[in-house]
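What follows is a single structure, written as structure tokens, with notes after it.
Going in written order, the chains are labelled A, B and C, and every chain counts its residues from 1.
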Amino acid sequence: MSLLASSLLGPFIEFPFMRRALVATLALSVGCAPIGCVLVLRRMSLVGDAMAHAVLPGAAAGFLLAGLSLPAMSLGGFVAAMAVALAAGFVTRATPQREDASFAALYLIALALGVLLVSLRGSQIDLLHMLFGSVLAVDDAALLQIAVVASITLWALALMYRPLVLESFDPGFLRSVGGPGARAHMVLLVLLVANLVSAFQALGTLMAVGLMMLPAAAARFWVASLPAMAALSVAIGAASGAAGLLLSYHAELPSGPCIVLVCGGAYIVSVLFGTRDGIVTRRLLATSHLTR
Amino acid sequence: MSVNRRKILCIGSAALPALHALTARAQTPAPRIVASFSILADMAQELAPAGAQVTALVGPDADAHVYEPSPADAKRLAQADLVMINGLGFEGWIERMVKVSGYRGTVVVASNGIQPRSGGHHGDDPHAWQDLALARRYAGNISAAFAQRWPQQRNEIARCNADYVARVDSLDRQVREWLGAVPRAQRRVITSHDAFGYFGAAYGVDFLAPQGWNTHSEPSAAAVARLIRQIKTQGVRAIFMENISDRRLVERIASEGGVRIGGTLYSDALSKPGGPAATYLRLMEHNARSLATALQA
Amino acid sequence: MTSGVAVADIAPAISLRDLTVSYRGHPAVHHLSGAFGAGTLTAVVGPNGAGKSSLLGALGGTIRDFEGRIERDPALRVAYLPQASALDRSFPVRVHEVVAMGLWPRIGSFGALTAADHAAVIDALAAVGLRGFDQRWLGELSAGQAQRVLFARVLMQDAGVILLDEPFNAIDARTTADLLALLQRWKREARTVIAVLHDLVQVREHFEQVLLLARERVAWGPTAEVLKAEHLFKARQMAEAWDETAPACKVSA
């Protein structure tokens, strides 16, 4: 095998944990990146990070009830994040307040509650750190979980595509014709929480949110429509996963940050050289125009 | 005779002269002994005359390398009747402390007379207590120092020493038996502790360090790959890596390397009271048992 | 042209009983009662802040918080073109998709568009003067062009009741003339049209009924009668600002 091929493929051939990490990253991209695109278009880009903190009270409750039991804390975390997401969604629909403010308010309440609950036990355990895994340590159960969530996500997004798009850009119209705007909105939030929480546990918060938002933010500089953005962001996420893992392998760097930084590199390249509104591209193309 | 009975006898046989001392003249205060760390303190407690108060500067579950002396510690040193240290470079900070505290008495070096192993880049390897045979030396040095300081109780001290050494020897035989059940070639483990050189030499176990593993919170893929490769190529049978905080990562490495995950090994400090290594003898027993269990296929 | 038929003679498409739409206690529409005749073209006029948009919002279903009753034949579909819709123009959607959304009642979340539907979309765009725009991104259009796209969507909705809030605001004279011609077509198709307008010349020329609103009903009926000087003068007396010291309203529904 040539040197290039062996350094690109070798690590994946030799080590099962590398293969798993690659598959996990791919599955994560498939599930999270399309949702990231919708979040970007709805100006909800910071929600992912908020969700990472919203899991705390649930995990703390699980810890208080069942000790250091990972299943209990994970379930609690999921329930807490879902409660925050649905409550924020409800506030957004029932009042004039916009989504960014309602999410911010509710995740902060959840975080403070979580800190309070943890302090009741008296110990200084970093629960969130315990709850969140690493891409190098993905076991069969975690892999299955991400894959299942990704499949359900794709299926649900396809099902709800039209009402979701309408609800995103003209909710008034959808309401006036009696369309399922509220349902589409809630489905989006449920998918968001399901993807994020399962990804947190398997891969850690940095990778989960990073792979959800960065490829989506980058894809916007190449394609316009939502389906095209979703497809491209999945591709960017998967490619970044592979490249990041290889970088972590050959250059001795921690894997999670590596993968996210490769995504970040893709984002910067897109901002500068993207064919659709890239900074450098625009400057280069601004030379001539048509007569009509 | 059972251990407790011996202890009672040891203490009981000291009671008479103590009673005599009490009735005969004005009360002398209980001996105050300060040891540098918990393992030494435990040994001293076993070997000391009745009523002695033994304290450790670096307590159970604490790390001697990051120890920060406090004013209370200095006071304890100043008021001590006897101070004992491990030696062999284990306590770099003790001489300064002793000088500052104003303690004028003897500083007993428990490892006196032991031929040290080389500790790599640290100079000598100070963890001599990991070999039970050398622990007899420790006991001897400690008891001799006690007898010199409190000559009226030398008989009691000698009895305690004999009793303790008998227990040490018994445990030594037990450990050899446990580990002997595992073929020599299979006695290879990886552990991040750097402290088991004497144990390895005495009982025929290879303790390997994880190659190129920095204890950062998030490892690189290269580090994980290297560890797995090392496990496979060096025929390692078990890993003891408590310093990796992600339990799942340890499981993944063990699963891919085909090794078992051992429990916790105690190297430099006792566990808290109630824990599996609350005394020196229990610490050695726990380590040996954990190793033997992990190494048996 | 005005038909001169009294409102009471025509079966109502929408009846209002004591409608009050309030914001923080101040009524924008105050105890409005009356009926919009089926198949009529009614213009809603009045000073700024007179509650015209609020009225249309309540009729169109975007304002759900009101007192009083709105009665409408439930079989009638309502198409509502708000004044400045809360449309997110930066969302990547093509003009064609926006217009095709008018077919929602038939296609819903999953229905496919037939060739006839596509043709109808093109026709609707042509009717609003946007021939050739179907593949353009919504975000690339000017405000006036976007407004016309929404007008085309209203065309697609094939509704029995059409609500237009200042539909010609950002539109040039030529297109306005085209769209006004559309209104006549709707009249012939027996649709009920209710439009908020400021240009009284347009109103006199094209609308048979007028509701002159100054929070309360000033006059409602055939155009010539409503747009008399004394009515217009009375309407202009309405104070635009809210009165924080006003007493509670004793009239109950």
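General observations
Everything below uses one rule, namely that contacts are C-beta pairs under 8 Å (C-beta built on N, C-alpha and C of every residue); 3 or more make two chains touch, one makes a residue touch a chain.
Here the structure is a predicted model, which means the values were calculated and not measured.
Once chain B is excluded, the chains joined through touch still make one piece. In this assembly, the chain whose C-alpha centre lies farthest from chain A is B. Distances from each chain's CA mean to the overall CA mean are smallest for chain A. Averaging C-alpha coordinates per chain places the centre of chain A 42 Å away from that of chain C.
With each centre defined as the average position of its C-alpha atoms, the distance from chain B to chain C rounds to 88 Å. Centre to centre, using the average C-alpha position, chain A and chain B are separated by 49 Å. Contact residues on chain A toward chain C in their complex (touch as defined above): 41, 159-160, 162-163, 165-166, 168-177, 179-180, 224-226, 229. Within the complex, the chain A residues that touch chain B are 11, 14-18, 21, 129, 133-134, 136-139, 245, 248-258. Partner chain A is touched in their complex by these residues of chain C: 60-62, 78, 80, 82, 85-94, 97-98, 101, 104-105, 108-110, 137-138, 153, 157.
Across the complex, chain B meets chain A through its residues 216, 218-225, 228, 245-246, 248-249, 251-253, 255-256.
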